[in-house]
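Look at the two complexes coming up: chain A is in both, with chain B in one and chain C in the other.
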Partner chain A sequence: MSVEGVAHIFGRVLEVGDVQADADFFVLGGDSLLATRVLSAVARDYGVELTFDDFAFSPTPAALAARIASVR
Partner chain B sequence: MNRVVVIGAGLAGLTAAADLRHAGVDVIVLEARDRVGGRTHGVEVAPGAWIDGGAAYLGDRHTDLAKMIADLGLKTTPTTMEGRSSFVLGPERIVREGRFPPLNAVALGELFDGLDDLVRRVRPQAPWQSDIPDDETAADWAVRTLTHPDARTFFPLFLGEMMAADPADVSVLHMAFYLSSGGGLRYLNAFEGGAQDSRVDGGAHQLCERLAAELGGDAVRLDSPVHAVEQTTGPVTVHAGGSAYACDAVVVAVPPALADEITYQPGPVARRTTGRTAPGRAVKVHLIYPEPLWREQGLSGWSVNAAGPLLSTVDDSPVGGGAGVLTGFVTGRAATRYAALTPEEQRREAIAQASAIFPGLPAPTGFHVTNWVRETYSRGCYAALFGPGDWRVLGPRLSTPDGRIHWAGAETSTEFFGLMEGAIRSGHRAAARILAHTEPSRNQQPPLSS
Partner chain C sequence: MSLMEAFLGIAATCPRRPAIVHNGRPVAYAELARAVWAVADLVGPSPGAVGVLAAHNAGTVAAMLGIWAAGGTYCPVDPAFPAQRRQAMLAAAGCRSVLDPDDVPWPADDDGTPRGTLAAVDAERPAYILFTSGSTGQPKPVVTPRRAIATVTASLRDLFDLSADDRVLQFASLNWDTCLEEILPTLTTGACLVMNDDAHTGSFPRFLRLIERDGITAVDLPTAFWHELVHYLIEDRFALPPKLRLVVIGGESASPARLADWASLDTSRVRLLNTYGCTETTLITHAADLCGPQAKGGPDAYAPVPIGRPLPHVVQHIGVDGELSIGGPGLALGYRGLPEATEQRFTTIGGMRFFRTGDRVEPDADGVLIHHGRLDNEIKIRGIRVNPAEVEVHLAAHPSVGAVAVAPVTVADHVALAAYVVPRPHADLSTLDAELRAFLHDRVPRHLTPSRISIVDHLPHTATGKIDREFMRRQLP
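Now for the complex of A and B:
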């Protein structure tokens, strides 16, 4: 289930525990440097290369998972 | 302990001198240049408006620096980063929100993943014990691990900005150590909330000027390059020019390459550099305008430019108005080339580039180059760069006294290595170690600053 998978990536990169499906990456303390690390993990795990703007418009696990599904 | 000679009137030496004086020790500071401050240096660009030709930025984790700023009656001013950034990383100029470069985000993520992994593996208090092979330069590491061209484009720019290093000049272990020592990748990279959060209002050079003034009288001797230190059974003798100074202990607070040029008798003392140690290379360029004109176009003044010479620019305008100051950083290989140009060529290239980054920007009303590559008494700016194998050789004895010779300086601190904070911590550490071997002084002097 990729919402959980993306939430797990958020948690690892942000070094926080459980991340909710609708939690905003930037509100949780993320910045553009860490966002690139989420995108590299997404590319590794799902084989999808997203842009920084994709991420900026979909900064929650639920939204990003939907974005991944739409381009897969 | 009656008298200590401190060699070098930078932040490290003057911090040590202030602590020793505070404890009632008679201190003399010998400084090679005709000014105090070392790698902090103020330039007056308009009446009463000073800019930092050397060190400028600080953040909330620089706690000893913050205390010094407050104790000396100085203030900080926040760096400003409002508006869009400009990037010239390929054939065209791109303007966008935020400081994130318009490069492939996945490629940058791989770069930062790799750096993050190194930072986790390094042991900042004892880098030579890290599980990171110390036979590689950062350039070797980049070739081996970075596959995407955008990551390869950005890495040298990033390292230049962070360490004024060319990737070939620094070991991958030292890069990892430096990033960890300074607070990690994010902290070092950030302006607001990070290591570039603020500046000393009016210039960081004031720290050293005020410390020297509080030492007072003729405690600080300028134009006194030290060339020899003799430890005999009696006093230690420090030789500078034709003068000799007898003392009970010495603090050597000069950059590593210069510490190694002093003759120590009887030797040997632990060396401070090896053949692999390289100088960081930086030139700071300041373009002065009547106002921060780029703000009128909604631009922050922040730019990144792959071709150089100004690899990055930042808005360092004084808060109260009165001038617009655009600071350009020329680092690493670009600094070697730029430093060798004539003043006219330097000026022409910098101004041409500024108007390519900020179209419509008029010619500056003032132009200043602070060329650290040429500074005889720095030899490594921002700091010295340890090459492959250096940490194993130099690390274990970085801050261990050799008899009555104590070592200080930004490159002897494993905390905030190479930064103002590291220099200050090293000065406190050296003074504390000397005082720990001292009987309580009978004639305590009043504190320097109340």
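Now for the complex of A and C:
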């Protein structure tokens, strides 16, 4: 469920439609500034404060959702 | 008085005052001065250009000042850049040695008096070498003389209205000139420079907690980052820390919408200062108070947002085509080893030397300049100047690339780089995107790597045979 939530955040931030669970944020056109928006949205929706480093190692909805679940 | 004399004067009169607080650990002015002399000893007298693997730490600041004390030229090189790029930078700058800030000695307090003699160096000699994007694929070294950085630092102390009570965040990468706006006015005023890893995590709650916790009074942010900060403040209704009095922005055009958002927050006591300048004209040449106690009109008065008036040390000239040229003591010496490129951009107008910025401007009724884009194809990616031709040169070097064009596109309201690649017949299209990214990863810094790579059959051309960049801008998915 949270994979879909993160995919939705990616889609909203990048202003694209459906984002696949294994789609890389940076290949979809994301950069460090847009990444800050994802991190803010994750903090808002899941109450988890992640950093660029967390995101760089988990740049897909599936990986980032797993990262969120592991720190929650 | 030189920058070094000002800094050492503070170290002598207020030795225990904190010069830098790095991740909570204070470094007193006297302690920093001792490290500066130790670096000067390490590099030896008149060391020429010295490369420094610059990062957010006190050692990098000590290295810079120590190289100046010895009479040398500071040349920061980002340790995160690909090795090939770093080698090209060191060669282009003529660096004979490279200093790792982790190797900076921090001598203990002996008799309390930092010793040493400043090398007597002519003000026209280089202070530092920084790089900008060129069209040849090679980094383009800008040589800035001591006269320029000393003049501009004094000008910025006045512009920022800095006092010894200020605590200034060190946010900018140590490899671009913006960091000198943070470091030099601060350390020549007796104020404190705050370096902290929490500033660079990408998390706004952490960033704001740092400002609050460390009592930061002034920040200097890339405009693109400030846009995101405003976004966050609006969405999360987060209040600005009470001691923050000055927010300097610069690097690209400020968005009128974000400015209106900023004004709608509780920001009336915070001075929001928009700034403009080029590496070749040293840090900041123009500034405008957009919001806060010194702003003249309301934010609604600004659409587009102005870049401001020239600072007192700046001579400006606006050509018939609207191109802004800058003269005065802030001018760089030119591009090292590139006499033709230097001649092209540094020209003489009415017997005076000027730098042609390539920016088109228009003064309003009060003489405040409005920016109207570029006269060439240069763009700003997250505040960093990028010549798309440089990215094209690197991509064209890949064996599977037949033709390539690079252009700016808008991704979610900000500018990103897009590459359009026509593959050679033998190219494996299923892996080309990943191959090209890996190829660039080994050769160029991140800001020169396109966010999007599109494989196309042919590049669109205009009637005159040039690549149609406007067409590409409209076509991107």
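For the reader, a short list of remarks on this structure follows.
The rule is short, and it goes like this: the second predicted complex is superposed on the first by the 72 of 72 C-alpha atoms of A that agree within 3 Å, B and C clash if a C-alpha of one lies under 4 Å from a C-alpha of the other, contacts with A are read in each partner's own complex, and residues count from 1 in each chain.
Simple rule for what comes next: contacts are C-beta pairs under 8 Å (C-beta built on N, C-alpha and C of every residue); 3 or more make two chains touch, one makes a residue touch a chain.
Please read all numbers here as calculations on a predicted model, not as lab measurements.
Comparing chain C and chain B on the residues of chain A they touch gives the larger count to C.
With both structures placed on the common chain, the touch criterion links A:Phe55 to chain B and to chain C.
Of the two partner chains placed by superposition, chain B and chain C are both touched by A:Ser32.
Of the two partner chains placed by superposition, A:Asp18 touches none, neither chain B nor chain C. Chain A residues in contact with chain B (one complex) as well as with chain C (other complex) are 31-37, 39-40, 43, 49-52, 55. Those residues of chain C whose C-beta lies close enough to touch chain A in the complex are 200-206, 224-225, 227-228, 231-232, 235-236, 382, 411-412, 414, 416, 433, 437, 451-452. Per the touch definition, chain B reaches chain A in the complex via residues 98-100, 104-113, 116, 185-186, 189-190.
Interface residues of chain A facing chain B in the complex, by the touch rule stated above, are 31-43, 49-52, 55. Those residues of chain A lying in contact with chain C across their complex are 13-15, 26-27, 29-37, 39-40, 43-44, 49-53, 55.
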